[in-house]
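Here's a structure for you.
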Amino acid sequence: MKFELKSDRVFDMIAIGRACIDLNATEYNRPMEETMTFTKYVGGSPVNIAIGSSKLGLKTGFIGKLADDQHGRFISNYIQNLGIDITGVVIDQAGHKTGLAFTEIKSPEECSILMYRENVADLYLEPDEVSEDYIKQASVLLVSGTALSQSPSREAIIKAVSLARKHQVKVIFELDYRPYTWTSKEQTSIYYTLVAEQADIIIGTRDEFDILENRIGENEQTIAYLFQHTPQLIVIKHGIEGSYAYTKSGDVFQSKAYMTKVLKTFGAGDSYASAFLYALFAGKDIATALKYGSASASIVVSKHSSSEAMPTVSQIEQLIAADETEAQYRSR
Amino acid sequence: MKFELKSDRVFDMIAIGRACIDLNATEYNRPMEETMTFTKYVGGSPVNIAIGSSKLGLKTGFIGKLADDQHGRFISNYIQNLGIDITGVVIDQAGHKTGLAFTEIKSPEECSILMYRENVADLYLEPDEVSEDYIKQASVLLVSGTALSQSPSREAIIKAVSLARKHQVKVIFELDYRPYTWTSKEQTSIYYTLVAEQADIIIGTRDEFDILENRIGENEQTIAYLFQHTPQLIVIKHGIEGSYAYTKSGDVFQSKAYMTKVLKTFGAGDSYASAFLYALFAGKDIATALKYGSASASIVVSKHSSSEAMPTVSQIEQLIAADETEAQYRSR
Amino acid sequence: MKFELKSDRVFDMIAIGRACIDLNATEYNRPMEETMTFTKYVGGSPVNIAIGSSKLGLKTGFIGKLADDQHGRFISNYIQNLGIDITGVVIDQAGHKTGLAFTEIKSPEECSILMYRENVADLYLEPDEVSEDYIKQASVLLVSGTALSQSPSREAIIKAVSLARKHQVKVIFELDYRPYTWTSKEQTSIYYTLVAEQADIIIGTRDEFDILENRIGENEQTIAYLFQHTPQLIVIKHGIEGSYAYTKSGDVFQSKAYMTKVLKTFGAGDSYASAFLYALFAGKDIATALKYGSASASIVVSKHSSSEAMPTVSQIEQLIAADETEAQYRSR
Amino acid sequence: MKFELKSDRVFDMIAIGRACIDLNATEYNRPMEETMTFTKYVGGSPVNIAIGSSKLGLKTGFIGKLADDQHGRFISNYIQNLGIDITGVVIDQAGHKTGLAFTEIKSPEECSILMYRENVADLYLEPDEVSEDYIKQASVLLVSGTALSQSPSREAIIKAVSLARKHQVKVIFELDYRPYTWTSKEQTSIYYTLVAEQADIIIGTRDEFDILENRIGENEQTIAYLFQHTPQLIVIKHGIEGSYAYTKSGDVFQSKAYMTKVLKTFGAGDSYASAFLYALFAGKDIATALKYGSASASIVVSKHSSSEAMPTVSQIEQLIAADETEAQYRSR
């Protein structure tokens, strides 16, 4: 079964939200206290999805607010060099800084992130900095949940979703829940609900859907509620148990997680989303798109960064093929 | 002429104020946008002065508030390993982060710093976290101007100065002016004046004394005003033109700046202060103490970091000696 | 043509939002600078509408947050004595104060209001203080626009609207635009749009609909847009030119403004809304309900207060009848 | 023994700090919940002292920031009409409001005040709005403790004190402690200490001196500490037990409280200070000045307002005389 995304506009996908800096400990297998050097990467869920999608060949744009400093310029240069359109990027004029994420990789099971998110530029995107003319050029608008956490970014997102619906741009909602940017779970649930009910596709982990619903829930309840509203396709990820896709027409698809040598646990969600969307644009059926997502995620968790490590189509397809060969071999 | 600092208490010097993280671009001679790795050091004027003083053999303590995270623990471990007493260090319990300074070294003439100072832990030191019993164990309390920029750190410093005076602890005021932490020059001037009038020794650049007075001034006016109050010794630095020391009794001393291969311009002030104070404790006369300060500064600006690069006594004395030999040679 | 509101639940109407104190100059026809005494009344659009409706016989409840002080207790006692249910009233525990409005009545044409709205209790209503069990007991939920201006009251309202829709409680949106509580017109428009698209009835002045749409508009455009969404009935008031009611089915009704001896201009909107809603509950047709609203407004603007002056059914009906008698007389 | 204040400058006294509005319940002997009308008066300790002093014949000026609204203009007009110079009054341009104090008079023993002090104009006086040329025209600068509670008013006061000392203007520090404007007792103590150590005369209740010292203290300890610094004369009030004046030279004077029919308890301190200062200017000895203060306080607590009720010289002297006659009569 297919869920077709058509590539008939200037941009296949425009992502909106934060773009930050990851500072990944260069040395592995030790606590950050003992780490002496850090390597700089572009980070942040929506810009990572834009990067991943662009590397897979989608025509991609990005809307976000960047600091007027060295980190902001690095991000802007980096994504432009990858071919992502930056017409929608706004430079902050109020001295706000770029968000930072210092990561340590103690072991594959134990990674931690130290965040700098006080008054960061991305949360100062204003509604009137979101252009209707720009959004209507996209087939898909990808919205990230964290951008809803504070004003005025919150209102910019609500406006962008409204504009997308006005121009039949499909809205993809990647839940991307980061507790430290929110003041309460009740508030998170209210704004997640607001956008989820208007989105065409929702992607998140089971834990993130619990945040959306503000209760511990089951997939069946979740989809029963959400399919009363706009959503057509819902993807719920269960970590190493794999992921599920549900359609409004009642179909369910499942994909296992691909085995890999895990270096760290972050970055998986962004690579999943970009490969899944790519596959839908490429005309793959939903079951195959789930495989693309899972395979892409497993590639990124084996690498040092999130953005730099985004795979190519052939890397993803080789992993899927190798896995199927091995499976056939084992099943004989 | 001497200005004696006596080493007859548990600590020669206790420094109070901020301790942060410097992230210095590992690659030189390029803008930070193109720098991909950063090396982590302890930073922040008062902790740097404590580090420099401790390496020169002074018995040193530090009072400050550190984040309860990997960066905070790194700082605490690092200074404790150098032999600095951390009894006065308080761990923040409110989620505030460690201040950051990203540095780029484009060329010896062009360095820039990108600061993260939003709600940083050091500015949340509370007055009741400053211990009278601890301060009275010191010969000298070193106060850094930046700690006056925001409440409650501001009040903690005012209290510390009051306690120092009550117990005949000499107050050294290092002006350390950082514009981005202040709301107005008028406010800076008011709090700088408040502490300067109660300090025994004041050290700063000519520009910093202009901030203190809130006007463009001359050294003669500055000392005429300040010597009406508590100060006994005032050191005014004029960059490559050298520095001046003035005493209340009317003496003036001058030292040139030492020539060196400059790598970057920051860190000079902290190494200057620690070597100058060391020399006063070591019983050197004021003219010689100025040389120690200048020589120490010239060593640090030729190195990659500020804290790690703090010189030993023999490094300082070798530089002074070599310079004098050369001077004799040239004067023949 | 009728738009029936059924009186088949515990409450005909529950109003949600602010309840404040009006301090009306006791002396008329002079600037407030020369006014020496003020008389205290309950004020605030949604509580005024609750008061007006209750006096007209509707079973009414109120949801809002009140200060834990003399002014808060005055409001609570006052509305309870009028028979309004206060189960949904929450007492603020964080020291927030009651909003104030000082009014001066210089002349019928020139009245001004001096507002105290800094951190007032009503804007601190939390989403989890809005009870689903309470809201579902109402036929109608009356929402006032000002309550959307700040968090957490904003989220409490969004949640209340969501709960109302879940339980088939009709949502009445009284636009009640007060510029001083909003940070930008763009933001106002975003949240007004959000609620307006989900409301069953919207009532406001032409100026307020312009705020909702963030442009200077015409009634025809306004209703064309809004009737694409949930609204069934839209009332647009044009001051002394009278008011219009539009139905989704395409009917238009008009009422003139009633002549009266105007004392002051405020309070008209709240009395209009309560009488209009009363008439719908009483089974009057839309054209008659407009008359009730207009007549009620004209009574309140001839009196000193807004809340105390809310008329009874017989006062309203007498005014309408007298006006029609006179009209017949004139038309002979 | 005398403590002479010379009347040889343009102004005898300039008071600096807040000017607010009191809204006193017109009805007595009932809780504010049941009070329906309020009468408006000028209020706030330093402006009240200026009013009281002006009525007693001192040449008086006022420095403070007033809201740009009806309440601000009322205050400005009112004090100007009393002959107080308003050259130093600044009109707020940032929309801040006038502080309010609603008072209820339940009984002579039970009065309560409901304060509105959120972002009030008086606390936004900026240091650069305090004129050196103006302050140097005064014999005395009267500083009120509450103005130290928040920036930028805090810095404006610190600057005003510094300017006063530079120009030999005597500094009178009226402690005027209001807990609701301060973030902590520790902070209050720090800024009270800062100003107290630089003041010539300090006036406060025993409780307020405890706040200054941040401990429960005795008068003997208090004066032992403060007389190590600038103060020459310290007045400590013990309510109905009367008040004490201490001089640096070691003298102690005492005055009883005058009996009166008490209507309410507030306003006493301001009338005390103005009459005490008046008496010093009039060349009375300290013992007599204490009587003037006490008599003035007893007159104000028997009246409805604080500012309007400020007595004349003859009212004060009549009360003192009547009391002494009666005492002689009783002692026979």
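Which chain is which? They are A, B, C and D, in the order written, and residues in each are numbered from 1.
Here is the rule we go by: a residue touches a chain if its C-beta (ideal position, glycine included) is under 8 Å from a C-beta of that chain, and two chains touch if they have at least 3 such contacts.
Since the model is a prediction, treat every value here as computed from it, not as a measurement.
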Chains contacting each of subunit B and subunit D, listed by label
none
Minimum number of chain-to-chain touching steps separating subunit B from subunit C
2
The chain whose C-alpha centroid lies farthest from that of subunit D is chain A
In whole angstrom, how far does the Cα centroid of subunit A sit from the Cα centroid of subunit D?
62
Could you work out how far the Cα centre of subunit C sits from that of subunit D, in whole Å?
45
Touching at least 2 other chains, the residues of subunit D are none
Please give all chain pairs that are in touch with each other.
A-B, A-C, B-D, C-D
Can you name the residues of subunit A that touch subunit B in the complex?
23, 26, 31-33, 35-40, 69-71, 73-74, 77, 97, 100, 102, 104, 112, 114, 116, 118-119
Footprint of subunit C on subunit A - complex, ascending
126-128, 151-152, 155, 158-159, 162, 183-184, 186-187, 190-191, 193-194
